[in-house]
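Shared between the two complexes below is chain A, which has chain B as its partner in the first and chain C in the second.
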Partner chain A sequence: MHIDIDRFSNINSQFHKWDERYKIISILILIISFSVVKSFYLVLTIPILALIMVTISRLPLYFVLKKLKLTLIFFLPLFILLPISSGGEIFYLIVGIKIYKIGLHLAISIFLKAISILICIMIMFGTSRFDRTIKAFYHLKIPEKLIIMILFTYRYIYIYMENLRKLNVALFLQGFKKTSNLRSILVSSSLIGNLLIRCYDQTEMVYNAMILRGFNGKLISQFRFKASKTDLFKAIIIIFISLLIVGLEIII
Partner chain B sequence: MINKALEINNLTFSYPDKEKVINNISFELNIKDSLAIIGPNGAGKTTLFYLISGILKPFGGSIISLNKAVKYKEFNRNIGFVFQNPDDQLFSSTVYDDIAFGLINIGYSNDDIDKKVNNILNRLSYRNLIDRPSQHLSAGEKRMISLAAVIAIEPEILILDEPTSHLDMRSRRMLIQFLKETHITKIIASHDLEFLLELCDKTLLLDEGSIIKYDNTNEIMTNEKLMTEHGLEVPHSIKSKI
Partner chain C sequence: MHISEGILPPTISIGGYIVSAVVTGITIKKVSLDDVPKISLVTAAFFVSTFIHIKLGPTSIHLTLNGLMGIILGISSFPAILVALFLQAVLFQHGGILPLGINVFCFGIPALISHYLFQFTFTKFKAKLLLIKLIGGLSGGLAVAISGVMLALVLIMSGKEFTTFAYFFAWTHIVLMFIESLLTFLVLNFILKVKPELIKSSKLTL
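After this line comes the complex of A and B, so read on.
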């Protein structure tokens, strides 16, 4: 199962070659500029910009869209509820249900902004190896405890996914089929419970392993980043675009 | 002058659901000796390792390692423990970081860490894995990298729990060679008796938490009656000579 966000980190693109520290700062500024946009017409241009960035980064579009799939599910209720509950000017009437213009605009705005921001985050994490991005965060003085938590979460997701896969295979080999009956629910909940206990036990063992190697709160080894003028130039371009978006927002 | 690597006296331990997993055991081990710990499943081998390394607190008795009492959950640089499951031991994002972890904690400079990590990977012929994410390694590679991570901090006593599990024949041979060239005290628990026969001069037979026999490896492993009584088999290489 491929859950790596950085599985295309070995491609050669301007984003891939960019010093991670500059990339993080620039993309974060761009994300902030995306989030402050309120003008509907400007909101429509944001995803185009995000897609241009995907093209430059050479990340496969199917990979980006696949990662966005879950977000679409998350935004579905918002898309249904906001247009019918916001009130104001009626935009359309479908089988007696009023679709409000403000609600529709708001739903589209939130959706497009969220998708664009997520694409930016994906470019930030997807164009460098995960450990390098995390080390860049460390260099940018993000608290080490937070970084350790992210690293552990990322590292152990693999193991728990693998455990879950093995348990599912074991169930399948014993003739179990997931249905909606009570037994199926009980077996599935027992499987999740089993997985949680395994996770807990493993957490204990990992902590023991850390103590045995003298853990004193430090986990991150130093990485020597080398920034060039090109890195700075790329940062200036992205920050300029961010300021332009904010400027246009103020003018409009 | 210290000549005892390990002195265990009247060691006792029980789990809440299992009494006397370690039942009043005592033994000594000289510096640079290699000790094999054998016994059937549930004999208490892994629990004994947890006690020696300080992961578990004994109910009674004492453990002295190189004239220093082993304390519960306290870092002891003299003792390196390679777990049975390498996924418990490799928690960093890359192989480099996993090996560097202990060295950072000890306080080595970045240059020294670089040198030591490269050196240990070269010794194991795994230099090509240096930047690989630990989660992407094969089971055998994980086993060897977890050994490298422990060896990097240069312990005086190396404890290995089932080191040959998940290893193919080539890696197993490489591990034997590596351990032969590593001149420190070694305590190894394994069901791979041929492996132990090659590496360990002394053997401790453990069953139901008690020491059944502590003797030279050949003495114990050639004793068919003793081995069979405790759920073990005489290794093929010895059998063929008898």
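After this line comes the complex of A and C, so read on.
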């Protein structure tokens, strides 16, 4: 499974060149403005805006769509339940099941809003190296301990994914096949226990290795952030678009 | 299962961030800097453990494990859940950035409850291993059920149109509770057999 969100961070685009601190703040404001939108016509336009941003960022569309694919499955229960349970004016009647207008509108607007917001998040984290983006969060006054935790966890996820893959291969070679019986749950629980124990054994060694390298709990960054006028200009454009969306929402 | 992007109104998202920030602030203060790398490693292991799917009839479910996280990580499970959910939102687009505050609160508080429940039993009945495992399993399941109910309440607060969806949400979590209970019990059983110091040492359970 590919978890690298920053696979395309080496492309050259306006979003890639943008100072991460400004990028985070501006895109966060844009995301909030997306979440405020309620009017149906405005909801239809925000995915277009998000797609324009993807084009500018030059992130491959297949990469963005592939990342969104899994999310869509999570929306399925909401998409089925909302139109048939919201109440109000009936929009359509299929084999005795009432489909309500409010629910259908709500489901579509939640879906479109979510997709647009997720695309924005992908642009925020996909157009710079992940560690650089996280360091930018540190410069935005997020507590140091949390930043260190995020960076460490991110690093070790890759290692434990590899561990899990090896354990799964071992299970496969021993003829284990996942079914819905108690034995299968027992094996899965051992798998989790195994992962935790391996990681616990590693913690002490990793910690000692870090002490030897001079770790004192401080975040030492090799990245320097330097904002130029263009960075500020880009931020102003995005914040202006966000305010425009909120303004239109109030007017409509 | 957690609340996805686009559902919550901004007021509730911001409220979620405020309460989560307060609890994170309180809990992270008690974590010493030396423990940060260790906690992060265990968080990564838990993160990867949620990829282990359990087959249930025609579907397969993925585990929450917030109860077990509370048992093993103690108070630091709250910031650990924050980190895990943040990475999940950013790397896999599960959950989201705006509902992050609410999601962290709804998964973190039950983790703390299960930590206190487990710790109470552990200190009181140190010799009775079976009872410890049983209470551990129970608190693992309880954490998932409380999370489900809290998330459902948030959904109902977001709008009356979500009521049916909220009930569905709560009921799925209550079904998940049984599987999660059984699994937490089995994992505790495995750990206490293979490496009991992981539970018994006070290094990680702060």
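What we mean here is this: the second predicted complex is superposed on the first by the 224 of 252 C-alpha atoms of A that agree within 3 Å, B and C clash if a C-alpha of one lies under 4 Å from a C-alpha of the other, contacts with A are read in each partner's own complex, and residues count from 1 in each chain.
The rule we apply is simple: a contact is a pair of C-beta atoms (placed from the backbone, for glycine too) under 8 Å apart; a residue touches a chain by one contact, two chains touch by 3 or more.
It should be emphasised that the depicted structure is a prediction, and the values quoted were computed from it without experimental measurement.
Undergrad: Return first, second, both or neither, reflecting whether A:S13 touches chain B, chain C, both chains, or no partner chain.
TA: Neither partner.
Undergrad: Who wins on chain A residues touched, chain B or chain C?
TA: Larger number of chain A residues touched: C.
Undergrad: Could you tell me if A:Y154 is touching chain B, chain C, both of them or neither one (first, second, both, neither)?
TA: both
Undergrad: In the superposed arrangement, does A:S85 touch chain B (first), chain C (second), both or neither?
TA: second
Undergrad: One more residue to check, A:I185. First (chain B), second (chain C), both or neither?
TA: After superposing on A, A:I185 lies in contact with chain C but is clear of chain B.
Undergrad: In the superposed arrangement, which partner chain does A:D131 touch: chain B (first), chain C (second), both, or neither?
TA: Only chain B; A:D131 stays clear of chain C.
Undergrad: Between chain B (first) and chain C (second), which does A:Q202 come into contact with in this model arrangement: first, second, both, or neither?
TA: In the superposition, A:Q202 contacts both chain B and chain C.
Undergrad: Looking at the overlay, does A:L146 come into contact with chain B only (first), chain C only (second), both, or neither?
TA: Only chain C; A:L146 stays clear of chain B.
Undergrad: Using the touch definition from the top, say if A:M210 reaches chain B (first), chain C (second), both or neither.
TA: Both partners, chain B and chain C.
Undergrad: So, A:I5: does it touch chain B (first), chain C (second), both, or neither?
TA: Once the two structures are laid over each other on A, A:I5 reaches chain C alone.
Undergrad: State which residues of chain A lie in both footprints, the one left by chain B and the one left by chain C.
TA: 151-152, 154-156, 159, 202, 206, 210, 215-216
Undergrad: Applying the document's contact rule, which stretches of chain A touch chain C when the two form their complex?
TA: Going by the criterion above, the answer is residues 1, 3, 5, 28, 31-32, 35-36, 67-68, 70-71, 74-75, 77-78, 81-82, 85-87, 102-103, 106, 109-114, 117-118, 121-122, 125, 143, 145-146, 148-157, 159-161, 163-164, 178-180, 184-186, 188-204, 206-207, 210, 215-217.
Undergrad: Of all residues in chain B, which touch chain A in the complex?
TA: Against chain A, the touching part of chain B is residues 53-55, 73-77, 79-81, 83, 85, 87-89, 91-94, 96-97, 100-102, 104-106, 110, 113, 131, 133-135, 149-150, 153.
Undergrad: If we count contacts the way the header does, which residues on chain C are in touch with chain A in the complex?
TA: Residue list for chain C touching chain A: 1, 4-10, 13, 24, 28, 31, 33-34, 36-49, 51-57, 60, 63, 65, 68, 72, 79-80, 82-84, 86-87, 89-94, 96-98, 159, 161-165, 168, 179, 182-183, 186-187, 189-191, 194-195, 198, 204.
Undergrad: For the complex, which residues does chain A have touching chain B?
TA: 129-131, 134, 151-152, 154-156, 158-159, 202, 205-206, 208-216, 218-222
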